[in-house]
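Presented sequentially are two complexes of subunit A, the first with subunit B as partner and the second with subunit C.
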Partner chain A sequence: MLTVITLAILGLLWGGVYLLMATGLNLIYGVMKVVNLAHGDFIVLGGLLAFSLFAEAGLNPLAAFPIAALILFGIGAGVQFGLLEPITAAGSEGELRSLLATFGLSYVVANASFLVWGSQFQSVPFLEGAVQAGPIAIPAGLLAASLAAFAATLLIHLWLTTTITGKSLHATAQSALGAASCGIDVRRVRLLAFALGSAMAGGAGALVITLIPFQTSTGGELTVHAFTLIALGGLGNYAGAWLAAELLGLTEVFAQFYLGSNAAAAVIYVVFIAVLVVRPQGLLGQAGRV
Partner chain B sequence: MPPPDLLRLEGVSAGYGRVPALHAVDLALGHGETLAIIGANGAGKTTLLRAIMGQIPLLGGQIRFAGRRLDGLDTHARARLGIGYAPEGRQLFPMLSVADTLELGAAREPAAVRRERRDEMFAIFPKLRPLRDASCGLLSGGEQQMVAIARALMGRPALLVLDEPSTGLAPRVIAELYASLAHLLDSGLAVLVAEQNARAALRFARNAVVCEDGHLTLRGPAKTLAADPRVAAAYIGMHDASIWSAAPAGGAPDAPI
Partner chain C sequence: MPKPAPRRARRSPIGLAVLGVLGLVIAAQSRTSPSRAAEGPIRIGLSITETGPYSPPAVFELQGYKLAVARINAAGGLLGRPVELVAYDDQGNPSTAVQLYQKLLTDDRVDLLVSPYQTDLTSAVAPIVNRAKKVMPSLAANTEAFSGRFPYLLQAMTQTARYMVPVIDLAAAKGYKTIALLVQDTQFPQQLAAGVRAEAARRGLRIVFDETFAPTMTDFSALVLKAGASHPDMIVGATYLADSEGIMRAAKSQKIAAKMFAFSIGPVEPEFQKGLGDTAEGVFGTTLYFPTLKTAGNAEFVQSFTAMFGRAPDYHAAVAYASLTVLAAAVSKVGSLDQTKIRDTLLATAAPTVAGDFRLDTTGIQTGYTSYALQWQHGKQELVWPADQQTAAPALPHPAW
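Right, the complex of A and B next:
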């Protein structure tokens, strides 16, 4: 029983980290209908930046979290301005073109990271002890990363739902023409959404690298993870993404413990396919969409 | 010298791709004036409004608003100059509340101003007040159209551009909607409304134009056009006579299209 409780806590904590990973992708998809296939590479880039900030500048991993997010915010803004806005504004096949463009971008980011950091696995050791809660021991690093991820997701969610700028992101997601007729510059809103989504990827990367080692080629796997989550939750759906993130965290932790890590990777997709067969609209469907 | 026109279109051609759906249209509207564009579905009314709002590029001609050329300005920039736009299909934010939607109509104003104007809208459209926290997607068609118009008014425009506000609404609701609009005119607002529902539009507006195949074929005072047998035969007979209460019995027969 103790084992099950411990595993459940670990799964829920991992869910928080996954949530931050997926929320950035979700935000970008919700506002722009762009599936950013470079999202996982942004996560890895954020992690490797945090690694350098830690290893070369001696920065605390938690301090590296906002810095990595900030750098990725800038990169995301540049990508949106220089690449995605020109090709998606041009016409009707915007979704397909943006898909191909972000696919290409994922290679560019991964290979640029390879040139800087090489191909070896990098990790950032952080809070390696455990927090003892009665008979249950929880890894302190995972607890800190999870709380930071939850806090960041919650802050962004509050910003999106309570400020007028946040609401203009929702408005643009729901009707770009409606938003434009309010005098909202939808191009700027899209820039902000992509930059913010990228920042969340960067921040998530800085946290995840304290938990599992990264190499430059980890990105593709993380993109699939994040995409699985938002597909499970219903694209653009925050509450659904949270539920899916917890489900994924729990599934992974339990499967790893009982079936081993090779099987765990497959179990996630079995769950994914099962959910989509039963509920093709995602766990919560359209309810609560951006 | 008369004051310059608020909105002036000169030789405007526009369309989708290279095929013009509007052919060299001239149009002028002064401060506080009301103009109805009537015509059948596909005649080019919406294209005309989309050209004014910068939703489609011009193939020729120019558009001026308050003396300023609008060329190259995006829709949001035109809205900021003082054109309130309630587009075809309303284009509300289905998941956002009425109050949030209205505030977004004045998104660039400080919070206190946004709230003040929102309350003004609840005074103009009292039906919306109890619905302030309801999601726009759950409102009735008439309520949605009121939100779309109120949202367009939140930016304090000099010109309100309405695209088919009566679509999908019951005659009673249409009458109510136009009655609310008529009250707004006291403040000096100019209104340009495109309507398939010629009865309602001609009763509301002072002047009107008829749009056919991308050309403005008739223009004049709305009353004159309403009495014009060509207009009556082609457009007025298309709609339920019950809302044309001013018409004498049998005066506006339900002629086939």
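Right, the complex of A and C next:
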């Protein structure tokens, strides 16, 4: 029983970490219908920035978190302004071109990072101990990253539903044409969404590098993982992403323990496929929106 | 049904004449070339991963080769001729390496060959090198290329199965009895784990937990929890850097205790300590070389390497340096560039080198080189086992978290 409780806690916490890495991607998709294939590379870049801030200036990852987020905010804004906004094609053709543009961008980001940091795995020592809860040792770093993920998701949700800017983002997500006709500057909203999504990737990287060592080529795997998660939850749906993240975290940890580590990697995608067969729109996605 | 015979193109008299002239030119060239070559340098060819994600260790190897060449030349060259390195960048790509070795053999017509970095690339170039009957001391730890298929390839690196032998030896000396073995599911860690199982059985240690994991795995919490449930004396990982860090993070944050934590690849890299901080303290790793080793000429090697390249040599540099040095010594002994004689001499050689005693079995598997156990102590790597080479005594058991 104790083992099951421990596994459940670990699964929920890892779910939080996965959510942290996917929320930015979800935001960008929700507003722009663009899957940013450089998302994982942005996470790695944020992580490596935190690594350098720690190694060169002794800054801990919590202090590096806003710095990495701010830098990625700037990069994201630049990318949206210089690369994605100029793509004028509409509909599925525009989505395909944006997808290809971010695919190319992922190579540029990964290779630029390679020039700066080389190919070695890097990580930052931070909160490596445990929080003791009775007989159960809860990993402190995991706990911190998960709490950050829940806080970020909650804040995004509140911001989208209660502020004017957030509402205009939400409106643009529902219908760019409708939003524009209400006087919302859609270009500005898209710029904000992409920059904010990138900032969340950078911030996530700064925290996750304390749990998972990053290499400049890790980005691709992270993108796939984050995309799996938001597709499972229903693309662009925040509560769905949260649910999917917990489902993936729990599945992974329990499958690892009871079926073996090799099987666990497969089980996650079996769950993914099973859910999409029954609900192609994802756990909480609305049919026909995607 | 019999197939029609392929039609042969008839040769015209002019074509025959051209062929004849060409033949004469080639014959004339081949007559003059030996004397020209005798005056020129002995050229040693290789491809190496100078750029790309796998370049950092490979550049150490290239520098090891360069230092060996510099020292051979400083000592008067080889067979009375200066020595020259012909090195190309294969970018870590096996098919590029094959093209480059083809070029080295047919265009550059190098006199000797040394190996590229890594088992994969060595395996890729093995067939063409062997077909050309060129001796190649090879920096590859896996043994299949040396099991008789490619008689001109000789292993110039510790074989994979031996990596963890000193760790098991130390554990046996401390009276530890049980091992939980965590193995990355790829070729090198699998072979390495087979070595751990064999050595543990030989020394009377029991494997109480044995599980493989995918190379992409990042969440080790359940695996380590399960390993800990078997209450092993030691947690041993057949891993690379990222896995070893993941396992140590999970062990510390979930308070999974063992008397000893040891990994194949991971603790040997400085990034292990940079990434883990205090969690790295007390963890054991393996290495094939250490700058303080009391091997033949090592102090001098470390000094010249540091002077030439501005950094201390690692094991890649040491094995590369040793392999070219041993090859050159065999050439001197044979007194010519007769490849078969050089190979037979190397197979019969037992030469002390900076990387240990170079000794081969009859198929070319390295049986002389061994490995060493290191431990992170006070933020520094110390060589702790075998006892006669140690820079510090091993600190055991690992303290509780």
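We take it that the second predicted complex is superposed on the first by the 276 of 290 C-alpha atoms of A that agree within 3 Å, B and C clash if a C-alpha of one lies under 4 Å from a C-alpha of the other, contacts with A are read in each partner's own complex, and residues count from 1 in each chain.
In the analysis below, a contact is a pair of C-beta atoms (placed from the backbone, for glycine too) under 8 Å apart; a residue touches a chain by one contact, two chains touch by 3 or more.
Predicted model only: the values in this text are computed from it and were never measured.
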Item to complete: Considering only touches as defined above, state whether A:186 meets subunit B (first), subunit C (second), both or neither.
Response: first
Item to complete: Return the chain, subunit B or subunit C, that is in touch with more residues of subunit A.
Response: C
Discussion item. So in the superposed three-chain picture, is A:55 touching just subunit B, just subunit C, both, or none of them (first/second/both/neither)?
Written reply: second
Item to complete: Could you tell me if A:141 is touching subunit B, subunit C, both of them or neither one (first, second, both, neither)?
Response: second
Practice prompt. For A:168, select first, second, both or neither according to whether it touches subunit B, subunit C, the two together, or no partner.
Written response: first
Worksheet item: Can you list the subunit A residues touching subunit B in their complex?
Response: 164, 167-168, 170-171, 174-175, 177-187, 289-290
Practice prompt. Flag every residue of subunit A that touches subunit C in the complex, lowest number first.
Written response: 3, 6-7, 10, 14, 55, 114, 118-125, 128-130, 137, 139-142, 211-213, 215-217, 221, 252-254, 256-257, 260-262, 264-265
Discussion item. If we count contacts the way the header does, which residues on subunit B are in touch with subunit A in the complex?
Written reply: 53, 55, 74-77, 79-80, 84-87, 90-96, 100-101, 103-108, 111, 114, 151-152, 154-155
Fill in: Sites on subunit C touched by subunit A in the complex
52-56, 185, 211-214, 216-219, 221-223, 225-226, 229, 241-242, 245-246, 249-250, 252-255, 269, 271, 274-279, 401
